Every structure is written in C-alpha cells, then in structure tokens.
Amino acid sequence: MCGIVGIVDAGGVSFPLYYALYALQHRGQESTGISTFDRRPFVHKGRGLVAEVFDEQILGRLRGTVGIGHVRYPTTGANLPENIQPFNFVFREHTLSLAHNGNLVNTNALRTCYEQDGQIFCTTTDSEVIATIIAHEIRRSGSVEDAVGVAMQKLQGSYSVVLTLDDALYAFRDPLGIKPLCIGRTRSGYIVASESVAVDALNGTLLRDVAPGELVRVTENGITSTQLAISDRRAHCMFEFVYFARADSVIDGTLVYDARRKIGEELFLGAPMDADMVAPVPDSGTAYAIGYSQASGTPYLEGLMKNRYMGRTFIMPDQQMRENAVRIKLNPIKKHLENKSVVLIDDSVVRGTTSRRLIDIVRDAGARQVHLRVGSPPIVAPCYLGVDFPTRTELIASSRCTEEVKDLIHADSLYHVPLCKMVEAIGIDVGNLCTACLTGQYPVEVPGECCDARCVEFQKGSVQTRLDVE
Amino acid sequence: MCGIVGIVDAGGVSFPLYYALYALQHRGQESTGISTFDRRPFVHKGRGLVAEVFDEQILGRLRGTVGIGHVRYPTTGANLPENIQPFNFVFREHTLSLAHNGNLVNTNALRTCYEQDGQIFCTTTDSEVIATIIAHEIRRSGSVEDAVGVAMQKLQGSYSVVLTLDDALYAFRDPLGIKPLCIGRTRSGYIVASESVAVDALNGTLLRDVAPGELVRVTENGITSTQLAISDRRAHCMFEFVYFARADSVIDGTLVYDARRKIGEELFLGAPMDADMVAPVPDSGTAYAIGYSQASGTPYLEGLMKNRYMGRTFIMPDQQMRENAVRIKLNPIKKHLENKSVVLIDDSVVRGTTSRRLIDIVRDAGARQVHLRVGSPPIVAPCYLGVDFPTRTELIASSRCTEEVKDLIHADSLYHVPLCKMVEAIGIDVGNLCTACLTGQYPVEVPGECCDARCVEFQKGSVQTRLDVE
Amino acid sequence: MCGIVGIVDAGGVSFPLYYALYALQHRGQESTGISTFDRRPFVHKGRGLVAEVFDEQILGRLRGTVGIGHVRYPTTGANLPENIQPFNFVFREHTLSLAHNGNLVNTNALRTCYEQDGQIFCTTTDSEVIATIIAHEIRRSGSVEDAVGVAMQKLQGSYSVVLTLDDALYAFRDPLGIKPLCIGRTRSGYIVASESVAVDALNGTLLRDVAPGELVRVTENGITSTQLAISDRRAHCMFEFVYFARADSVIDGTLVYDARRKIGEELFLGAPMDADMVAPVPDSGTAYAIGYSQASGTPYLEGLMKNRYMGRTFIMPDQQMRENAVRIKLNPIKKHLENKSVVLIDDSVVRGTTSRRLIDIVRDAGARQVHLRVGSPPIVAPCYLGVDFPTRTELIASSRCTEEVKDLIHADSLYHVPLCKMVEAIGIDVGNLCTACLTGQYPVEVPGECCDARCVEFQKGSVQTRLDVE
Amino acid sequence: MCGIVGIVDAGGVSFPLYYALYALQHRGQESTGISTFDRRPFVHKGRGLVAEVFDEQILGRLRGTVGIGHVRYPTTGANLPENIQPFNFVFREHTLSLAHNGNLVNTNALRTCYEQDGQIFCTTTDSEVIATIIAHEIRRSGSVEDAVGVAMQKLQGSYSVVLTLDDALYAFRDPLGIKPLCIGRTRSGYIVASESVAVDALNGTLLRDVAPGELVRVTENGITSTQLAISDRRAHCMFEFVYFARADSVIDGTLVYDARRKIGEELFLGAPMDADMVAPVPDSGTAYAIGYSQASGTPYLEGLMKNRYMGRTFIMPDQQMRENAVRIKLNPIKKHLENKSVVLIDDSVVRGTTSRRLIDIVRDAGARQVHLRVGSPPIVAPCYLGVDFPTRTELIASSRCTEEVKDLIHADSLYHVPLCKMVEAIGIDVGNLCTACLTGQYPVEVPGECCDARCVEFQKGSVQTRLDVE
C-alpha cells in the first residue's frame, strides 16, 4: 500500500512529481521521496507528509527532466532512513532509482539465492531484491527489457514499479496486474502513476493502464511498450476498488466511485428495508451510501462528521482517551440520529472493533436501530500481496458467521455485499480479480495457502510496439 | 474568526483543552495556545496546527484544574509570537489570561483613551484592549462582574471571551451575541467553547449557549450567571451558519447542518429546474446539496473530489501552478460530469474568482451546463465584526447584479438563496441576526456605514443567578 | 547577564545586528531577538543560539536602517515566548522597541505604583517596567530625553538599555554605569553594544563607552549626547572583568585580558611558590594563568582540555553521569599532570562544587599537589544587579574562612587575589567599582543589605552635546 | 576524517556511545549515527552534531549491550541520508553494522570486480565496498577472522573499522596503521575508538592501540586478538599529530600535545629570533606556541581570540562578509598586538588564503612585524588516504618556494618545522609515518604518484592470542 509516480517533462520534473505525490498522499503518509536525474542523481527523502518533506528550495535543487517519486504507508520496522523510497543503486557508473508498490511472496527465497552468490543487502525490503535482479541482468545483457523479463520470471507477488536507469524512465507491472499503474500525457511530457488522480493533478490526460506483464519506456517523444509476460487471467486487487484508491480514480477502466455506488445499490437490493436514513462512515463510505440512497429512496444524511485535522500525531495518553479518539475523529450528529432507524455504510469490516465503536456511538446519539451495510464481502483470509490486514485470527469474520459478527459489533442487522454483486459492480470478470482475502484462494503460490494460480507465459522474443499517442 | 475554549476539570485540563481545540481547529489554523493555572500560570503557544504545537510532554507540563485555549485564523501582521493567544497579563500579583474571538470596531478610540492615561500596549490587538479595561476595573472595584460590566459598556463590536483570573474561569459574550459561545458539562467538569463540537469531543453534554450580555463564572461545582447587559435584539452572525461553523455544531439552538439543508431545499424551490445531478463544492456545500437533492429529486453525486491533504504549505511557484492549485485541491470526476447538466452548490460567492475556476473545471470535465446555486444571498458589504472578507470593491456582488456576476463566473445560471428564506432556514428571527454583509446595515455603529443599531441596556445591579444543572 | 546591541546603518541593519549578536553570544545562550524599523516594526525572536534562531531568509525580511538586538541568559521562569527581548510596545501610533541588560532592585515598587494607575503588564520582567515609565513620560512631554531623565530618577539598579522609538535609536546607561555599554563607528553607521567585541565584529572602531547617566541618540549623521544624571562615584561591575566579559573586550577603558593577566601576576606575587606547572581552568582561567606564568617563571601548560562541543542539550540521565559530565567537558591530560605539583587557576569560586570536582580530576590524573589560585576575592554576598549568583547560604565562602574552603574543595592550598590587588589590576579606582559580592556593601539600596550608596544628581536642564567623531 | 567507536558494556551501550561520540565530535560535524544490537538491530542516524541528532528518548530506544557509532566530516556528495554511517547490511539473517574511518585508493577496481559478479551497491562509499568483501567472505568461510583477512589482502588505502556481526563486536586497522584506533577498558566493559579521548570520556583506561593489521574481537569477558597482516613498516598519518587529533589524545604511544609542544620548540631553535610575543592561531596552534615560548623565553600571549559559537550555519551573504568572517571567528586583541613584533604559530599552511587573512588582521591591529611559524613542513602533495586537502594546484607550496609563499601571505618571515624535526617530536621513526603530503612519496600505490610502498605479509594461519588485561 504505497503510491508511485514517474515523470518525463522537458520543463523539469520536481514540481510535477510533488503535485502528483500530493494526489497520491492517501496511499501512504509515513514517508516520501523524490529522485531525479540530470547527469547525476538528485535525491531528497524524509519522514512525514509530502507537504512536510519538501519545500520550494528543496524542489529547486532536484534538477532534471526525468524522475520518480514514492509515498509510503506506515509498516512495522520502517523507521530506518534507508528504507525510504525511491531506492538508489549504483553499478558500473549507472544509477538505478526504483520505487515499488506491492509485496513479493518469495522475497526470502530470492534473497537467499542472491546471498549465495555473495550479494549483501542494505535493507530488508523486497524492493531491494527487485533492484538486485534487474541490476544483475542489466549487467549480463545490457538490456533493461531483458532484465525486467528475467525479473518477471523470478518475482512472485505484486509489483508495480517505476525506475530510472540514468536518464531513462521505465515502468512495469506484474503479469497479474495486481496493483494499479496507469499512463497519462501532460502538456509537455508523460506520467506513470499508481492512480489516475495523479494525472489529473497535472491537468493531464489518462491514456491507459500499464498492462499486466508490460514494460513501458517513457521518453519525451512517446512511449515504447514491450509485453514481457502474458497471463491467461488477471488478478486486480479488489480492495483498491472498495477502500484503498481514491473514489475519483479510474483503475483498469473502472471509475472507483462508480463501483462503490453500484455496490451501494446492491446493498439495498440484496437486503431491502425501510429505514429513516442512510449515513456513510466518512469518507470511504460516502459513494456506497449515495448508491444505497438512490436505489432505496432512503434519505442520504450524514450521521457522523469527520474531523479534517486528525493527523498521525494525535495524542491519546490513556485507555479512556483511546476509546474517545474515534469520537473526536467522527462526531455523531445527534439531531440527525435521534430516534431514527439508521443504515450505516462502511467499506469493510476487518477486526470489527471500529465498527463496534461506531455503532455504539451512533446508538448513544439516539439512533433507534443501527443496520450496518458493508461494501465488501466478509474478509476471511490475510493478504500477502500488499494490503496491511492483520493475521487470520484477528479477522473477525475468519471464524464467525455473519450473525455472530452482527452481535459482536452490536448491530441490529448486518449485510455484506455478495461477492458476485461486488464483482458485477466493479465491472471486471471475477477471474480477473484477486479476491483472496474473501475466498482464501490466492492468485500466486503462498506457502500454506490454497492457490488458484494464473498461468503465465513469458515472452521470449517479445515484440516491442511503439505507442501512437494522439 | 478564531476558536476559544475554557475548561474546569478536577482531573486536569491540558488534555481536555487539547481535544477541544482539535475540534475547533477549523476556526483557525495559524497558531494556537493553552494557558492553565496551578498557583502560577503555565503557558504554551506556537505557530501551526494543534497537532504541531503540542505533544504529550508539553501537555504534561501544563498543570492545573482550570485553563483556556485558542486557535487563530491567519490574518495580516500576525507573525509576531506575542500576538498568539491566550494573552497573559500580570497586575497586583494576579494573572489574567484571556482568549478572544471577534472584532472590536472602536479599538482605536479605546486605545487612545487608555494611552492618555499612560497605558502602553504590548500588541496591536483589540484583545489586549479588552484585557486592559477589565484589569483597570478589577483594580478599581475588585469585582470581575463589575469589571466586565464596565467593559461591555465601553466595547463596541463582537467579542466572545474566555478568561481566567488566577484559578477562576469566566466567559462572556457581547450584548448582541454576534459570535457563538456555548456551555457544556463533562464527566468531571465544565467547558465553555465557541462551538458545541468541542463539548462533543469530550463526550460532554451541551447545556446551553452563553446568552448575549451574560457573564458566567465556571467552577467545579457549577455555573454562576450574571446578566450584565440586555439588548432588545440580537445580532448572531449569519455567516457562522452558512460557512464558518462545523455542520455538526449546534449554535444558538440551531443545528448548522439543518440550516444548510433547508437552504438547499429553498435553492431548488426558488429556482426549480430539471438537471441531471446536484454536486456540492466540498466540504462546505455538502449539506446544501443534500437538501437540494431531497427537495428536487435530482440525484446527489459528487462532481469534485477534495484532496484531504492540502495544507498551508502547498507550494505554487508560478502563475500556471496557482491556476492549477484549485484543480489539485478539487479534482473533477469526469465520468460523473460528462455531458451532464450540473447544479453546483457553494456556500457563498465572495470575490468570484474561485467560483469561476470551479465552473471552468466542471465544464472542462465535460459538463453540458453548470448552474451555480449559492447558500447565502449576494455579499455586498465588508464585515467589521470578525469575518475576513475583502474590501467592498473586491466583493464581486457589491456593484454588480446577479446577471453580471453569472457571466463573469461563466455560469449558465446563478441563483442565491433569498435573505428571507435563509433566515427561515436558520430559524432565528431576522431581527436577531447580523446580516450586515448582505444588507450594509450594521448592528453597531461603524464610521461611514449605515447602522441598524440594537438598543442595549446595561444592568447596574445585575442579579446573579446560580445555574441549576441537572 | 544579557547582551544588547543597537545599530544605525544606511546599508541595512539585520546582518550587522546578526554578526554583533554572534560576538555577544557568550552573554546569553537561551534566546535571542532582533527588532528593526522601516515605517513599521520588523521583529524575529526565538529560543536558542543566534545561529539557530536566524537564517538568511529571516534576516532578509528584517528591513530598515535602524534596529536593536538581544541575547538572553537562561534564568528561571523564562520559557514564555513573550519574555524574549527585544520587547515591542505600542502607544499612540509609536512603536517602542527596547532591549535591556541589568537588573532593577525596585521593580515591585514601581510595578505597584503603575498598577495603581491602572497599568497592566504583559510580562513579569523589569524591562517592561522601564519601557512603561519611558512611554508614560514620552506621552506627557513628547521628549525622549525628558522621559529617560525621569526614568533614571525612578529606576534603582543596573540598566544598560538600547531602544528605538520608531526610526530613532537611543541608548543609555544607569548613573552608576554598572553594566557596560560602548559606542563604535562602522564603515557606514554606528553601533552601541554591551562589549567592544561587537564593534570588532563589524570591523568598526571603538569610540568610547556610554558614560554613566548618559543618553545618546544615534543617527547616521552622528551621535548626540545628553548627560541626564551625574554620580559622585561609579559602580562598574567587577565581575565583568574577572569572568563575564570576553577577554578581548575593552570595558570602561580597560582591556579585560590585561586585567586578568595582571591579577594572574598578583596570584604569584601574593603567594609565591615553587610549582612544576601552572594550568588554567579553560577558557576563563587562561589569561590569569599566562600572567602567573610570566610573573613566576612556572611553565604554562594546559592540564585540562575543554570539549568545544558541549552544548545546552548535553544529556545526563543519572547521578553517575552528572558526576562524569565535568570530565567530558574538561578532560585531564594525564601525562602533563602525573606526579606534578600543579597551580590551577580559576576565575572565581562560587558554590565550590565545580572546584572540588576539578581538583579531584586533576589529582586522579596523577598530580602530586593541586594549588588553587582564584582571580577574584571570596564571594560572600549575593548579587542583586544582574549576576546570577546563588543565595548567600549556597556561597561556599559566605560563612567559611579560606582554610575551611580549601579543605572542602580538596586543594593543597588556596589563594584568592586580594581585593586591592584585583582593583589595581582592573585599573579603576575601587570607589568606582561595584564589589558588593565581595564586601556585602551595595552601591544602591537593597532591603536588608548594607548600602554604600553613591550620590546621584539628576540634571534638570541637561545640556545636549553633539559628539564630534573623527 | 571521521571518528568511530565500538563499545561492549553489560549496562547498555547507547549512553556510553553518545558520550564517546561527543569526545570525538572534532573528527566530524556533518552527521552522526549509532547502531546497537539486541536480538535485532537498533539504529538512529541524522545530520548534525551529536547533541542535535540524539536525545534521551532516542538513546533509550537503542537497546543492547554492544554497538558502534560514527561522526562524519562534511565531504562532497554527502547529503544523502543513506550515506550516514554506521551502515547496516543484511545477509542470511545476519546483520552487519560497520563504521569506517579512512579512504581506499582502489575503490573503483574493487567495485568493478564485485559488480562483475552482480553485486549492486546502495551508496557510492568505499565503506560499502569493505562491507561487501567481508560479507562475501563470511558467507564463504563462516569466519569473521578469515573474512577480514581476505579483506586486508584486497583493500588498499587507509581503514580503521569497527563492526558488529549481530551481537559480536570486532575492530581492525589497516596493515600500515594509517588512521588511529585504540582500545580502552571501562568500569563494566570495553571500548574501541579513534582516539583515547573517547576512553577518557567514559572514565576508562587506555589499554593500547589496535596494532596495524590486527583484528580484535571484543566481548564483555575480554579481547581476543588475531594478527592478520604484518608490514615491515607502518605509515601513521602525521597530520593526526599536527592538526586533526585532539591535543589530549594519545595516539600510537604519543601524546599529541607533547608532539606539538616539541615542534614548537623546534620552531624557535631552527629560526631563532627576538620577538615581542608569540601568539597561536587558536585552537590548534596553542600547544606549538607554548613550546615556542618555553624554548625561546618569548612571552606567550593570545593575539587572536576565538569566538566559541561559530557553527556550521554562520551566514555570509556577500563577498565582503565572507572576507569579514575570519575576523568574527578570530578577533585580534589590538592592545596585545600594537607595535609588536609577533610570532604567529599555525599548524599548517594549505591554500594560504587563511594565513594571508590572519596576517593581514594581525597587522591591521597594529603589529609591527608578523612572523609565521608553521607546525608542519610545506604541504606539496594531495592526500588520498583520508585528509580532505585540495588538489595539488591549490596547495600554495606545491609549486612555490617558502620565500614566494611568504610574500603571498604577507608575512615578514615564514618558517616551517623541518620534516626531521617534526618526526623527532612525534617520536615515531620516519619510516613508520605517512608523510606523503610533504614528500609526494605514498605508502600505497596510487595511480600517477610515486610509491614508497611498505611490504605487507598476510598471515595465513594467523595465531589468535587472548589479551590478558590487568
């Protein structure tokens, strides 16, 4: 769960990268970095938000017409400065900068393999393993295309990657297309980014998604594409659509907002009821609730107001305050809720603790009934491919039926969108989605888990195609 | 446009003040401060957000069971550290801490008067003038009640004030009740704050508003009230309801969200039309748009998505980027807007430049028609009482009819809620609202402006009443 | 114990003030500030060293050709931002900025007096009292000369002050000249500063000291002097010469280094002995030790090396580390000390604890004998005039004879310079020095202390003289 | 030019490392870091001084009874966070932390060699090359002793290294012993550090230097030594003695202060003259000047006072101020210098620009004659082994005789200590010193330079010896 961006622009890339990272900030708030190249690398990285890490002076020093950027989600063991991306590697007078979104499942095996050959690593990240393979292969063949082709054969898991090799920008996406990556055109260049909102931030035009298994080379003159691997099926992460991506992003052809709104409709159609109001858990529940309201005619009304200023540093010194923190973040509007039968809509239920607290708050505020509707089916299995879910035992639905969960979270009724309806709303064939967290069937082999593996064919003599743009 | 809070709590006040200021953060993001008292004053203030200025260690040092806090809106000449509130004044071994929301219109006359008597001032603020009068009178009479009574006779303008004189907490509001101020009860104490959301943040109960012209003394045992001035009419700022306050606040008996929703209904009823969708300018337009949708049946759909991470430090080095900044803050959802007839709802039109940019963006995104609906009547006159409007000539509606404004902002149609309907929605008699920015009739005398002055009678032998709480 | 500076310079004053404050940094490391004037005041202040509080951008914003600056010594109750000097006061459209070095002894009486008249104070500092009197009197008479004249009659204690009234720079010194203040000429203006090293920092020429009781007005065209008070005797602080001032400063006609060197000679002549080496306690003991070495022929050799990087934030979590901190700050050179008879020279003995630790360290490093020689007579009484001595009971010499002190600090012998010899070395008649901490006889009246008061005559019709410079 | 330290202490190492780094701060002020190990690595690093980068909370988090630290001198290309030492590398579930002082001359060849095998590098530092070799060899043989042995065969240049492999602390020094490294015993553990002052800071006992070519393993129980390489001659850097090390350090058996004092004596004996005073360029010239004074009888008197607060951030916006900066840093004491014949003593002359400015300042202050005496012979050749000298053409003495240099720097006379006398003062045989910057004869092969290579024999079956401590 990170955001990546690569830009080529004759007018300089540091400010465009900054704006694009701003648009991707929701994908990671822990740290951020930008790496540009103008005969030598220019790098600045730091902990905190994009607005905190960069200022005008710093951006002014990041010279060059090509560069990449990264925002990072907080994960454990992440407080080492060397773990902040983009990573820079040096070999044979070349500089390889790389930013990665995703998660490998065979990191340890690959590390061991390279450590056998004497490689030592500067970080514990899977991203460094990706860079190592690519650098090894570039050294051998001299070709980035061949190198990424070999990497795709070795890497198992999710990886959307932007990289610069000196002044050349490349981007590629794993053969299953698990994590999003799209291409846009700006007034004076091109952009590759995790979500289309980054293209919008530069007032650019979304051209298309990077295809699963595709490598693109981006220059000021256009985009050259090489299809390095072809899978019989895709495995787009469904969680991008229900929670992680911004609602105004278009991912793999689907407007996220649309998918959520349609799911909202299904939440009514699948469990019709006569309530006084439908209220979202802001902000992620909003589009669902609008869809629900339109399908049902139940009035859409905000029941919980979000405090826009809650940040990472909110202080909660004791247990009572921690309990109270949800209330400071989401304030119930008593007058809206009093004596009402409320349909409350959230995108997902993970541990269930937040749901329980919110339902309690809504009820304390006077609601007569609280019916929780959820934009995703029950999450029953962990994610190994980039979403920071807890372990299986901590997932409330992994060992409980919906009725049990309903009681635990104090809801009057609980209804999840059925998998088939969610898939329909997303508009992508179920065979092309990763629904592992909902089904326990993983699209890649994970030790100890069931695998519904996609068959991938790697292109030996891959045909390069030149993208004709407008 | 600031936020103030005062708390009495046997369990210590620094953390409750912190949470309350968090809830009031929308009223001011430039600087913040807390002052507590435990035999001597403890003060911490700084520039930035509440989350940036305070940490657990600092809060731990702010000892005492009584204290006040302030968040400040950025205004000119504000970058001196001594201008950050609460202010602390020392006289005769007493410490007077004071935080003020509002704006006086006779500051200069009062300053001159006291300067004649030799007083020198440490700041250029009107808040210091308030403190000076109170301190002078306390010295003379020894009574805070008498002192605030004299102050109310001298001060002209808007002032909601919390103050501590050593370990006693007081709060008062000008005789016209221009700026809001309310009282709440918490588990172990009391809170006085600009908006009820601060009471909610402590999981407290809103008791009532401080009455115009009332002084309350707050102790752990309850609240003592003294009515120091009585006006025949009030002058509650209507802009609190249409823009400034949080939608989930209850001000002078009215839930802000309710007022906005009802205005939204009027925006349809007054100018009915058949559009494809109604979209708010987030976040302030949301409640209006929901009301519009419910009255009209026009589908509510977000057309502009707000970037939640735009902060004070967003960098815009050149004109092109400044133009683009609105787009980064509010991203149009093309698929929602394409080929649609869109009703766009905003709370107000001030200079008109933002409206024009937003309408352009919506139209660029494919909207066939853009009809702007505005939650307040045209703003034609400056505010001298605390809202940071520009000068009269910069107000787009001050010298133009709605038709002209419509053309200037590129709208297909433009409709403002009529004053009478807005008043009806707020639910307060028009005679008790300040509508000076809409009518040019000011509730207090302002040199060069028309005055619709309220008649205030000051209570000489004011009767103290003890508030029975629960 | 603070440092002050005022500069007039046609080429701008912010950078010169910065350099001058750098040169005065030894007089105060807690906080610093600069105030300039160019039609309106420009102020920047903060906690920390000059290098930490200012940067090029900030200095660029401090416009104007006149300004003042301050460095502040850490004292109790000082952590309020409003206590950082220079102070700015506003009255009748004038801005009074003021920076003060010294300490009043009748602050409370003066405060009470002005509080009777209704004045309230923003700080608890004596500096604000000075500003209040001056502002009151300027209001009354319109003349800064008259106002400072009245102030000198009311103020008791030490005060060297620089102030700007709008764009006019003034400086004055109490009638006894307790704290230093000198005037210098630079290439394009004038400077008034606590010590001549600030003049040196601008490559300027030291013109003379501000005379006790003198007020100077400094403009780009020269200096106008008004003698407002004349005392029959002066009371220059002797501690400036023995410890506080930089050795390379010239104060009231005496090079500090010279005074210390001559005292060092006396330390041998008064207690001649045959030692192997003489070593200073760096840095303040250096000049004394050089003098001792020259008079005695005893080799000068450093026995303790000072760590140049010890700052305010050195961490000492437990008692053992606190004991060890002296050792990290001052490292003994074993090879120099082993088996030697060492004369160790320090400027003064206050509590005696540091002396004991240093002597222990020198002895642990192998010294056979440690003979402490002290550049000032025993300190037996507290200072009320600006030196941060502890209370009388904490002064080791206040109730003990030298023999007792010698034993307590583990010295083999202890010899202080006699008062008469110190005075001779300073080169100022004893009647013109303040030696209160050595004799208990104070030059101004202090409740409960003996007074050897100087007789001051205030000049009614004081004659202004224009200073002819070069 | 960096400082390194490694500590084993049963009571925890973070605070001892902090104090030791404080004592080594003079060896590098740009950045600093600490790495400890307690089942997993704990690391904190940052730009700035030790006092700025660490606080009590941070040190509290650095758990473990073994750890290393580093202070870094500012060099070009150093502003990347990943370049701050200690470096951490991960391979096969081991964590290798490493801190390095010195400079390799065959970095590029070694990098290329490993890049051939596919290794990619995260930094451009030679330190990472050292770690790579060691990690490779540990992987192969499993033995740190063997790995460091191989490394010593491959590495050419200077390297004093401390490293931890998980919870084991090792230290080694290149076979020529170019950079210093010593071992000390503390109350509850052991310390290895660049200079003995770090041992002193912990109140420890200096045991001995790490021998050239020696690897020591340090545990709580003692020190195990393995001699991995033996050279027929050593090449201790003479510049440590004349400039870089603290005067109170003992390096390879010589007290630095002693060496400088003796050189000072030689500066008189070799060019006897009758001057009025001898003054050091503080602080490095002090010990020389004391020696000169003792040998000559010329009075030692400070002519230039150093401002103790000049830091890295001193602002000099224009050329005039840059010229003036030396004056702010070193203030001439006019009264000492006026009309005097002055012997000014500095440790070295590099570019000559600082010497010229200082001589001008001394002369401007009134000195009749200024005779420069220099504690090192003329520097004629660049250093490739760790001292940050400029290029050969920038070295003023590289192409000029002393007479020419004398004129260029405006001295009345100029005398350098002869090489043989300097060597005598240091007390180490000339064959065991590196004097390359004085002679152009390098102790290791450097392309394009003359080599006076030492013959090193690598120990195959190296005998481990257990160090008997006390």
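Here the chain labels run A, B, C and D in written order, and each chain numbers its own residues starting at 1.
Following the convention adopted for this analysis, a residue touches a chain if its C-beta (ideal position, glycine included) is under 8 Å from a C-beta of that chain, and two chains touch if they have at least 3 such contacts.
The model shown is predicted, which means the values in this text are computed figures rather than measured ones.
Asks: Return the chains common to the contact lists of chain C and chain D.
Replies: none
Asks: Any idea if chain B and chain C meet via the same residues, over half in common, or different ones?
Replies: Mostly same residues: over half of the interface numbers shared.
Asks: As a test of understanding: of all chains, whose mean C-alpha position lies farthest from that of chain B?
Replies: D
Asks: Just give me the whole-number Å value for how far the CA centre of chain B lies from that of chain C.
Replies: 48
Asks: Starting from the mean Cα coordinates of chain A and chain C, work out the distance between those two points in Å.
Replies: Centres of chain A and chain C (C-alpha means) sit 61 Å apart.
Asks: Specify, in ascending order, the residues of chain D that touch 2 or more different other chains.
Replies: none
Asks: Who touches whom among the chains?
Replies: In this structure, the chains touch in these pairs: A-B, A-D, B-C, C-D.
Asks: Using the touch definition from the top, list the residues of chain D that touch chain C in their complex.
Replies: Residue list for chain D touching chain C: 15, 18-19, 22-23, 25-26, 29, 49-52, 54-56, 59, 197, 200-203, 246-248, 250, 255, 257-258, 283, 286-287, 290, 293-294, 299-302, 305, 307-311, 313-315, 317, 321, 324, 327-328, 331-333, 335-336.
Asks: So in the complex, which bits of chain B are touching chain C?
Replies: Chain B residues touching chain C: 43, 45-46, 80-82, 84, 87-92, 96, 112, 114-124, 128, 131-132, 135-136, 139-140.
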